[in-house]
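Structure record follows, encoded as structure tokens.
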Amino acid sequence: MSLLEWFLDPAHWSGADGIPMQIGVHLFYSAVALALSLLFAVPLGIYIGFTGKGEGIVAGIANALRALPTLGLLVLLFLLLSPVVPGQLVYGIPTVIVLVLLAVPPILTGTYAGIQAADTEAVNAARGMGYSQVQILWFVQLPCALPLLLSGVRSSTLQIVSTATVAAYLGLQGLGRFILDGRAQGDFSQMAAGAILLAALALILELAFIAVGRLIVSPGLQRTTRAPRKIVPTTATAAIRLTAS
Amino acid sequence: MIFFDAVSKMYPDGTVAVDNLSLNAPNGKLTVLVGPSGCGKTTSMRMINRLIAPSSGTISLDGVDTQSMNAVQLRRKIGYVIQNAGLFPHRTIVDNVAALPRLLGGSRKQTRMHAMELLEHVGLDSSFASRYPWQLSGGQQQRVGVARALATDPPYLLMDEPFSAVDPIVRAQLQDEFLRLQADISKTIVLVTHDVDEALKLGDQVAVLRTGGTLAQVASPADLLAHPTDAFVADFVGSARGYRALGFVNTDDSIPVTPEQTVTLGQHTSTIGRTPSRWILAVNAVNQPVGWVDVELIAGDIISASDLNLSGTVTSAAGSVRDLLNSALASPSSRAVMIDSAGALRGTVTLHDIVSAIGQAKEARPNS
Amino acid sequence: MTVDWIWSNLPRITELTLNHIGLTVIPTILGLIVALPLGWWAHRSRRSYPAIVGAASLLYTVPSLALFVILPQILGTRILDPINVVVALTVYTISLLVRVVADGLNSVPHETVQAADAMGYRAWQRLVLVELPNAIPVIAAGLRIAVVSNVSILTMAALLGIPQLGTLFTQGFQLRLYVPLVTGILLCVALAIAFDSLIVWLGRLLTPWRQKTVTA
Amino acid sequence: MKKLIAISALAAASLLALSGCSGGDPLASAGAGTGSSGDQVIIGSADFTESQLIASIYSEALQAAGVDVKEQFNIGSREVYMEALQDGSIDLIPEYSGALLKYLDTSSTASTTDDVLAELATQLPTGTSLLDHSLAEDKDVLAVTSDTAAKYDLEKISDLAPVAAELSLGGPPEWKTRVNGVIGLVDVYGINFREFVSLDAGGPLTMTALTSGQIQVGDIFSTDPGVTDNDLVVLEDDKSLFAAENVVPVITTAKLDSTIAETLNAVSAQLTTKDLIRMNSEASSGTNLAEIAIAWLTDADLI
């Protein structure tokens, strides 16, 4: 069966293991992991960015997290949790934990780098004008941090969506199913279809992020008319830290 | 009135930034804190709105100790302008100006309208209102900074090197505009600068601080130039202080203004009569001086723009003796060109007359 | 039991670790070699920057497992050939580094570039002698991320039976043994830290002028 | 000077990397190719412990006989490693006769050891050969917990038919499309489970899913020590869907010589199902597979 035929086969578009369902499950796990990551990383990032406390430690931990092999961690967590966690959760929890560990560093660094990169002059001015700490954070630093924060969330999301495929290794549904099953069944079309669906999903999310960025980041911070030459090394490095991860 | 009473600031590492400063910044006046870097001028200023806490001593606003006030409430009474304006990059110009009034509960419409007025007041076209800070030049941003500081109409204004980040031409322009604005609004202002010329130009009162955070002298600009209290202040105001002091002496009737023979551009050389010297002043159709002409070197039969020597300057009748002297020195004819408020020629003053007028004035004031 | 297992499997662990090092370093270096001209191209042409960088970034979203398995079809290689893993990791490295190289070259101060032009450097001389050296800090920062990611992604190849540290994960899992799992994870992290430090060290060595400015 | 050091260090690092991975040899393999080079025999295995265990026994025995071998274990499912065998990525792999036959000929109905092996010999891909089979057998079996067995009164697979709509079946992903898997259960037994959950080949996922109630019926191996450990009930294959599953080496014919044949046949002659169960249990307690293999070979007087 060719790749095209695989896609055209109506059987692959319906049912509990059809494409729409698998995309839905995939997005569900991704969304849960992203939400948890945001819940954890954004407040922590704000705290670090605002107080400057623990930046070194967090940067180190973030880098170490990046080095943690997803597969090993997933399997270890499964073995550790399987005696204590009942039912379906024994597959879901390790998956979500692994995805969260993966997603936290970019969001965290994006948030605190964004807050620290907020124009110090503007922050000073706000303080001098009589903005309270909370007001400075809310009205000046956070809006200014948005571009970097968003780019952190963007790379986290792409990482989550791409890595959520490993959930299939623990028997969970999602787009990883097509890839793993396709391989186990020697069905190349199914596997390639899984990869294509995933790349398409990532592309759509990427475009969605660009759109969201345009919507919620102030045009004052989107210097689209300026040439990209004005990148100083420090911000470039920060940007890499975010995009790559 | 902002009053410093024996204020000191010592940092935990033992550095003394400000040492026992007592100073009064009177209401409606502009007090300049000036001094070399490390003299504690910025620290002193930032203690007023409690961005920095004094180690000892008190600062009071119209008799109320600032320590007794809530820091945020205190700051809202005091406008604040800083070096690079510190505009909020994510807000449009008009929203930058309207930011604090909005925060204090003003309606969107009201605060924006007021902001537009203020922008006009600081000389910014309304077309700038919807732009973002990065789309403005440094000078324009600084104007917005001033407008924003005035948005809640605070009685006090603190200005931290407000004009230092722009080029000299724009700086002079901003200074002039700001003096006009202050004449209008009469805020109680403390301004920090490292530029002694700016201090002398803007200040009603200038406080010179020396390294180590002690106050060297507080005086009016003229006094400071005429009577520096010690070698440090004398050195700081500069060796050109004798000449600078003339900037605070107004021209008066004691200086004789003589009518000047003029020519106009396009005039035929044959119509020029006898001239008292080689140099003759050219004016335009409304009698505004445009340059000097060397009668011996006119290239053709007609006086054209290429015949003009443009090195001279003009001085207003209301200007200082320094401006007058400068005009005479700059002019190829050694005559200062004086104009009226419309820019039309009033006459010229010879260098000799200016110098003798200065000499007579000094004799009349034996202290100088 | 922990020590026993490690001790009795020491030759195997060593072999897997060496494989892991090779399969990480080679793609990283190959990726850098390919990313340099691509990044330079993106840097030179403002118009193609979004296209090149965007396309490169998109490659990163292809799941590693899928790439490992699809590559033999594209390359005509054998399905268990480690070359597939090398190519896949090279692709990821390129994906990360193209933007980094472009941004690194963009980060070189305009005045420096102009000065080189004014002194009569040819375009390639300017690139090799002025722009690239000055872009090293940024490129090194990107390379650190690439190599650390590669250490981690490579373990996925265990699902295909390519021997490297990830093999300890699948085996540990099948046997329900924690020791190989934890050993594998720790070795991965240790390798990542070692590569990371190596690049930091090389970066410093290649940019002695930066140290001077720090101490001055 | 410093720069020179750095550049040489970089160069040295790359060289080291190139040479350091001679075990995996990613670059060399591009030219020379994995596998079919010279006399080296590459031994593969499926992605479950027992397969690796038997492959280890083959490996140790051949090494002792002076054959140059290379291990490439844990490749994946039959669908993958048979392809690897045919494209020359591997040369030798331990197989299970019935499952291999069903893979090669989905319509085959042979079930006894002899029938299966006879048919298998005709179906084998060209260029590959079977060596002697062993008596050791490891079948796919459907297992349920004793609670489930009691609840639905299950003894044999056909007992599942009336209740299957309420039950989930778990097994390796490839089972979904295999004749001796979901397809066969439908065709031969007429059993349609509520759902099929892709897990692993008789590994910890399936066992956990079974004991935690995630699935009610699991495909596990008859040699799995977990059957007794977890008090599972193995359902009798009353319609012989799962044929005889004797362990048998499959080898690339080109690599086959008398030393290899004699060595592996000697292994097959002694390997029993009991051995497999015991060795699986040793493996799951953490003993090195090579050690288990050597111990068995020593006991069997083969090395």
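A, B, C and D label the chains in the order they appear, each numbered from 1.
Basically, a residue touches a chain if its C-beta (ideal position, glycine included) is under 8 Å from a C-beta of that chain, and two chains touch if they have at least 3 such contacts.
Keep in mind the model is a prediction, meaning the values are calculated, not measured.
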**Request:** Enter the minimum step count from chain B to chain C; a value of 1 means the two chains touch.
**Result:** 2
**Prompt:** From the centre of chain A, which chain's CA centre is farthest?
**Reply:** B
**Asked** Which chain pair is joined by more contacting C-beta pairs, A-B or A-D?
**Response** A-B
**Request:** Could you say which chain's mean Cα position falls nearest to the mean Cα position of the entire protein shown?
**Result:** A
**Asked** chain A to chain D: how many Å between their CA centres?
**Response** 37
**Request:** Could you put a whole-Å number on the gap between the CA centroids of chain A and chain B?
**Result:** 54
**Request:** Would you mind pulling out the distance in Å between where the CA atoms of chain B average out and where those of chain D do?
**Result:** 89
**Chain centre separation (chain A, chain C; CA means) in Å** = 20
**Asked** Which residues of chain C are in contact with two or more other chains?
**Response** 158-159, 170, 173, 176
**Request:** Could you list the positions in chain A whose residues touch two or more of the other chains?
**Result:** 78-79, 180, 183
**Request:** Send over the residues of chain D in touch with two or more other chains.
**Result:** 76, 80, 83, 200, 204
**Prompt:** Among all the chains shown, which pairs meet the touch rule set out at the top?
**Reply:** A-B, A-C, A-D, C-D
**Request:** Please give the residue numbers of chain D that touch chain C in the complex, ascending.
**Result:** 2-3, 5-7, 9-10, 13-14, 16-18, 20-21, 23-27, 29-30, 33-35, 44-45, 47-49, 52, 71-76, 80, 83-84, 87-90, 200, 203-204, 283-284, 286-288, 290-291
**Of all residues in chain C, those that touch chain D in their complex** = 1, 4-5, 8-9, 12, 15, 18-19, 21-26, 29, 77-83, 85-86, 158-164, 167, 170-171, 173-177, 179, 198, 202, 205-206, 208
**Prompt:** For the complex, which residues does chain D have touching chain A?
**Reply:** 76-77, 79-80, 83, 170, 172-174, 176-178, 195, 197-200, 204-205, 208-209, 212-214
**Prompt:** Which bits of chain A are touching chain B when the two form their complex?
**Reply:** 119, 121-132, 135, 139-140, 143-144, 146, 217-221, 223, 226
**Message:** Under the definition above, what is the set of chain A residues touching chain C in their complex?
**Reply:** 63-64, 66-73, 75-76, 78-80, 158, 161-163, 165-166, 169, 176, 179-180, 183, 188, 191-192, 194-195, 198-199, 202-203, 206, 227-229, 231-233, 236-237, 239-241, 243-245
